[in-house]
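Letters are used for the chains, namely A, B, C and D, taken in the order the chains are written, and counting of residues starts over at 1 for each.
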């Protein structure tokens, strides 16, 4: 079975991190990218809280959670770094968040366009080898997501048999 | 690492199934046993709905969900098959449910005693080789549970690499 | 405008009270009657918790909350006092609960038949003069219910102007 | 019993209305003022949805709901009309919303300062005679709020006895 490589993120800025983050640098980990807009009700009520739960549940050696602010509407209201920073502060978002690079030709930012995202929230899972394994627009079930993430944790872990939860994807409780 | 074999269930009756169910007969599958009491608020509001979500999410070739009615209090009120049958009907519980065998010497039914359960709800996970892999009294997170179940699905599946969600634990939506 | 008198409750037993309760004895107070079945999911998840909130919110000199166990199905499972007592204990129901008198001729208990109730949960409001002011099968909004109860508290209170919340229906927080 | 007059709102702009709104112009109606910040999680998850429920539940001849954007932090992120307009659009807020006039001397906007508000969300109730009857910082119970609003609807309604819900505060369901 062949999977496509996940497109690298095209970002103009990063928050909650000293260094910009890239999928390339996260090779070897499972990556959850949560694409959101701060003014999107579904992102605020479901997508982002779910991404925070993933960030708190899985070992950071196995799973990296990244937010991606994919502003495609109300650019004036939510397009600035200042607005995003205030939002991340108030909602206590703990993981790195990149600002999807605006496009010169359209209101759709570049990473969003590359991935052909339908809107927000969009949840993306990338495996340890940098391949795109899931892209879902809308809400996802925690039970399904936990299973999918563990499935990707298990793959490519030579020293951690999927059946032994203590070696693979051990959980840290927040 | 050594795991203990999960104790066989000691039951006096079964509902939602033509044949009694045993862990022995389920060897080869991951088994979730949801121990509950029909009069236990936490079981009604959280434990049983979660077990139903697991039943609906995972492929039945990989995961079997069983309910176990472990009545240790209010025996007169909830100890009868009739009471349980009415409860299962009203709450639309779809999986097999066994009645934990009452004990002659104590109010604690036999399987509950064997497992040293602290109360209800108690969630138990048994792996494909019949070993006890989780026993938790109280509420569990869907994200954690989904990951743990997938971790056990992956173990012992020679033909289904854990990283390929299509082969291991494929989901059927209810 | 003419309102009908609320039918007296026909009960075979009472729990959570030393004395049987009747609408006649509650004349002068607003009465909320919550008709439920212990095996009815909507009663357990919404109706009863709402009745408990009303019991905790309004002054007992103004509002009396009564439960009525209107068993019309699964009689064997939920028809006994013992079953109801265990349920009320586990769910910490604090107000008096009457058992609707079974009927000789039908599975529908007597008070339920008198009121022509469609099922459970059914919420009934009786005003200070004993008149039936609301009967609703299904779920009701807290905002609407709070307004309706206050509206009935205000009626017939000669010394408590409806506009002064401190005199009429003052709240005690549980 | 003496009540103080509610301070008039000091606003720099209005949205969701053709004309600016004032408490003076609403004399004769019960007014709920929901003070919020678009970046305040408690406002987004509880305060504003509750204000929307009040707007949908009570008759507009009796109750007017007004939002007041009291930005006292993250001015750069949420202080503009554009930001607020985008937020109101995404969250489908249906009632008029005023922008609390910024102050020259402090980060606390003028109406917020006049009322001595502690923060957001703050819920204010004004009676038909323009008097301040409730000011609460934090979350309020729907049951309590529904009762308080009905209590104020009843006051001052000479032709609508509080006991008759059809004349006072009749509900329109959204």
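Rule of thumb we're sticking to: a residue touches a chain if its C-beta (ideal position, glycine included) is under 8 Å from a C-beta of that chain, and two chains touch if they have at least 3 such contacts.
Owing to the predicted nature of the structure, the values given are computational and were not obtained by experimental measurement.
Engineer: Among all chains, whose Cα centre is located farthest from the one for chain D?
Structural biologist: Following the centroid criterion, the farthest chain would be B.
Engineer: Distance-wise, how many Å sit between the C-alpha centres of chain A and chain B, to the nearest whole number?
Structural biologist: 33
Engineer: Round to the nearest whole Å and give the separation of the Cα centres of chain B and chain D.
Structural biologist: The mean C-alpha positions of chain B and chain D differ by 49 Å.
Engineer: Quick one: chain B and chain C, Cα centre-to-centre, how many Å?
Structural biologist: Inter-chain centre distance comes to 37 Å.
Engineer: Which residues of chain C are in contact with two or more other chains?
Structural biologist: Residues of chain C never touch two or more of the other chains.
Engineer: Classify the inter-chain contact topology: is it line, ring, star, complete, or other?
Structural biologist: Graph shape here is a ring: one loop, exactly two partners per chain.
Engineer: Along chain A, where are the residues that touch chain B in the complex?
Structural biologist: My answer: residues 1, 50, 53-54, 57-58, 127, 133, 141-156, 161-166, 168-169, 171.
Engineer: Inside the complex, what are the residues of chain C that reach chain B?
Structural biologist: Within the complex, chain C contacts chain B at residues 39-41, 44-45, 73-74, 76-78, 80, 82-83, 85-87, 89-91.
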